[in-house]
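There's a structure below that I have some questions on.
Order as written gives the chain letters A, B, C and D; numbering starts at 1 within each chain.
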Amino acid sequence: MHPHRFFTLTASCPDRSGIIARVAGFIAEHRGWILESSYHADAAVEPVATRDEAGRYYMRIEIRADSLPFHLAEFRERFRPVAEELEMTWKITDSAVKKRVVLLVSKQEHCLYDLLARWQSKELDIEIPCIISNHDTFRGFVEWHGIPFHHVPVDASNKAAAFAEIRRIFDEVRGDTMVLARYMQILPPELCAAYPGRVLNIHHSFLPSFVGARPYHQAYQRGVKLIGATCHYVTADLDQGPIIEQDVIRIDHSDSADDMVRYGKDIEKAVLARGLRYHLEDRVLVHGNKTIVFR
Amino acid sequence: MHPHRFFTLTASCPDRSGIIARVAGFIAEHRGWILESSYHADAAVEPVATRDEAGRYYMRIEIRADSLPFHLAEFRERFRPVAEELEMTWKITDSAVKKRVVLLVSKQEHCLYDLLARWQSKELDIEIPCIISNHDTFRGFVEWHGIPFHHVPVDASNKAAAFAEIRRIFDEVRGDTMVLARYMQILPPELCAAYPGRVLNIHHSFLPSFVGARPYHQAYQRGVKLIGATCHYVTADLDQGPIIEQDVIRIDHSDSADDMVRYGKDIEKAVLARGLRYHLEDRVLVHGNKTIVFR
Amino acid sequence: MHPHRFFTLTASCPDRSGIIARVAGFIAEHRGWILESSYHADAAVEPVATRDEAGRYYMRIEIRADSLPFHLAEFRERFRPVAEELEMTWKITDSAVKKRVVLLVSKQEHCLYDLLARWQSKELDIEIPCIISNHDTFRGFVEWHGIPFHHVPVDASNKAAAFAEIRRIFDEVRGDTMVLARYMQILPPELCAAYPGRVLNIHHSFLPSFVGARPYHQAYQRGVKLIGATCHYVTADLDQGPIIEQDVIRIDHSDSADDMVRYGKDIEKAVLARGLRYHLEDRVLVHGNKTIVFR
Amino acid sequence: MHPHRFFTLTASCPDRSGIIARVAGFIAEHRGWILESSYHADAAVEPVATRDEAGRYYMRIEIRADSLPFHLAEFRERFRPVAEELEMTWKITDSAVKKRVVLLVSKQEHCLYDLLARWQSKELDIEIPCIISNHDTFRGFVEWHGIPFHHVPVDASNKAAAFAEIRRIFDEVRGDTMVLARYMQILPPELCAAYPGRVLNIHHSFLPSFVGARPYHQAYQRGVKLIGATCHYVTADLDQGPIIEQDVIRIDHSDSADDMVRYGKDIEKAVLARGLRYHLEDRVLVHGNKTIVFR
């Protein structure tokens, strides 16, 4: 959280010597001031005798906007040769451009209230162009906040049309990120595929335990002593996408499955809020089915 | 969380042998069904050779309402001789009678949104007869929920009158419990004295560290690696009342004092919600400046 | 941890009204002084209209030994009619009789050092009649502590004989509890069956995630953000027995599977020590494949 | 934890643009391979318009030893001009040179057993040239491990001489780091001053709460719901030195001060082990009375 406007460069490339020097050198050459930077070499890759055996290198760099003599378009133009030389996958974003986040909810209130509180206080400095739900429950609450609300019912007979409508709305409002804030419908594979790394879900278990429906009841049956929640990117494989954040809370034998549901809500909203923040600040880089999270 | 209506008996008395037998015997005699019960002997008291050296004994018992042949008034009448024999301080409450909780807030939203989400979903099954604030910030939000909102400004010149007004409102709505949900004014001693064990505060540090103003800035200066929050009963001694619940979250050198404020909000609302729940379920018994919390 | 000698009664029986009154009444009748007591009704059983629909009731009661006019043999004799009336499964133990705990280890040191440190300082007030290992690695260390060490090699060809020998030793030293302190062999089903609720294992994952071999490597592959450990009773179903205690620790993308192994050791030894203590203090009651842990 | 031999460069300097480019450029120029690197700008310094207002910049860089064409002496020679240009405080260490760590203990076993287990398994890859104690309690245990043991009694009459002797031993064995592993004597100011940033203590509270003697008893009196431990550098101000690591554990009303002492031991040894590891891996940079810990 810097008071300055800044650009965030995130990149990955094959590991080799001299990467930081090359990138930081480019920035320094233009007198760019680095506010924060993080680097990670994929630890699995050893020994590293030749280029071909090398692992992958990840980085995230925040640069003060007013320290550079140009803006994003020219940065992108000038940086391209460096990126090509290093065979990089990369992007750069501007802290002054708010991300557009569309929330999908069902009937549970905890994640919705939590995210709107953070949005209302500008702790989450985002645009929420609309909220979509398969129930009409929260229309009044959402509209009171001045946010458009779309009721898109989903049932066995209209699934394809319903999700086509959700996609149409998301595209129409130019959404950057879709957040399933305890949205109790499974997204169809084509929707997952359309927005890779842009749809976040909060699953109400400590994955990979208790995949699928009613995880707290599964946890109750197994007699675990901690329950958890997992924020992950949605992929076509249910509850199998790259994990962004997880946490747990202690329970004991005196807690019923309903008690676990109640305790779990506190973990779910905290984990979703943290995972979403990491995502929005471009702190999450995906590597296969895993994430690098530069906290 | 039982589906049944139940009575909750909480009591403390000088420790001696036979207390549980006497109390559980009374309940059994009337065919009362105990759903949950907890007992605690003040561990400090040793050796226990004579009555006079004995410590204090605490208990909390939930009895199914429909298992008893009478209701609270008659329970109180019949139990009185037992309680007198044991020199008990005691009370009994009815799960069907909702507690009346008045919230005091200032300009920070997180505890307010969190508590209203729990109230809206009946996770917190209480009445909120009104919300009082020294700012008008949340009037619309509160009134949208159908809860009366009172703006009682407080400044150096009107303190006595302002707190007299708060007290008048609290009494008028027959409040059971007052919750300072990040209310940024210090209650005058006479108000604290008027409602002992009925006013809860959330302090934004892990007490006894960082008493008073700007605890996150104090924590930042000291370079601690965890920050916390404390829910406690308010007494005339600022931040010194009996502690009900605490928790912490990890931070590191990269976190500014402002980051700590943000992280802290998540701990504050979770700790306040847990502490308040224990209080409302009559799980908290005060013993000098400490609490017994029968979770 | 009381300074007094005490008896610990643990029991379970069908739930009904009057159980506490009956048991506490029996104790009070003999002027027994209850130091600590805990009760739990199996929450799953609802509604409770008739005896047949009732759930199960669990209790643990500590009674000062010097407050009773008789000792264990006579307690057992006199309590039997009460227990029969309530259809109880029960036992009573004496804090003055040290439990006899046999440790099984392989080549990893952390749980062994940890448990011997607790034994050496009397924090764990037990007898360790011997330590058994499939390797000779720790002979010197164990023998330096004055504890007999048995090297029982296990390989594909001698499994039956090896485990018969382990069982012979355990019986010969009159072991109460067997602790697999990172013992890297799978016990045969007949050994598990011979000592139900008496063999504890520490599994190096947060079960039910990552059952079986190399759980940290499984965790690394899945990209979880927390790793854990589980102390459970051993049954013939590998890693499926009743869970006594669990805990987790945070890791991140920079941690290799080897780092996880290292972090995990700290959780393993802490979880095993806590689980073992609960077991030794008769705080763990088994209910199907779950545990009640009266902490 | 890399399988490679590596050099660790740690440095701090006034913040300005181009620091990473300059340092990483130097390393790249010599074809050095950076395994891991971390950077931190002192966030308190804003706005940063001129050099004089700038904050301080911290870094830690691991370089594969076999990627450089020279060793430490020549690295130091060649890097000096860069460091001078940036006005750096810096050092570089070699992972192949084991740190020499002297432990000071009293009568409590837990940190000693814990550290020796880690040393025995090479999890802590250090030399322990000797262990010093004011009691003779652990002589046998230490010597069994092949480590020299020095009994240096300390009492009111011989303090100066005793600590002079400790200092003599530490210098004689060429100690790098002194660890007070629950050593129950207060070091004299001149000893603290002689080894700044090289003496680690584990304090048995969550500082700044409960400074001084018997912190668990202070915690018990105050009725806190979590207890903790703090690993910090020792300075002449008792329990006031820069904090390296902290953690807490939950307790409740049923825990006596003695129970807290027992629970606390588990936190103390874990926190000391983590803090010591960070220190030994040159992950801790001191900034006034605070630390940067590059985990």
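In the analysis below, contacts are C-beta pairs under 8 Å (C-beta built on N, C-alpha and C of every residue); 3 or more make two chains touch, one makes a residue touch a chain.
The chain list, named the UniProt way, goes like this: A, B, C, D = Formyltetrahydrofolate deformylase.
Quantities reported herein were computed from a predicted structural model and do not represent experimental measurements.
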Selected pair, greater C-beta contact count between A-B and B-C
B-C
Can you give the whole-Å distance between the Cα centres of chain A and chain C?
41
Note: chain B sits from chain A at a C-alpha centroid distance in Å of 36
Can you pull out the residues of chain A that are in contact with at least two other chains?
36, 254, 256
Chains as vertices, touching pairs as edges: which of line, ring, star, complete or other describes this one?
complete
Any idea which chain A residues touch chain B in the complex?
1, 36, 108-110, 112-114, 116-118, 120-121, 123, 140-141, 144, 254, 256, 258-259, 262, 265-266, 270, 273
Please name which positions on chain A make contact with chain C in the complex.
40, 43-44, 206-210, 222-226, 228, 242-248, 252-254, 256, 289-293, 295
In their shared complex, at which residues does chain A touch chain D?
3-4, 17-22, 24-25, 27-29, 31-39, 41, 46-48, 67, 250
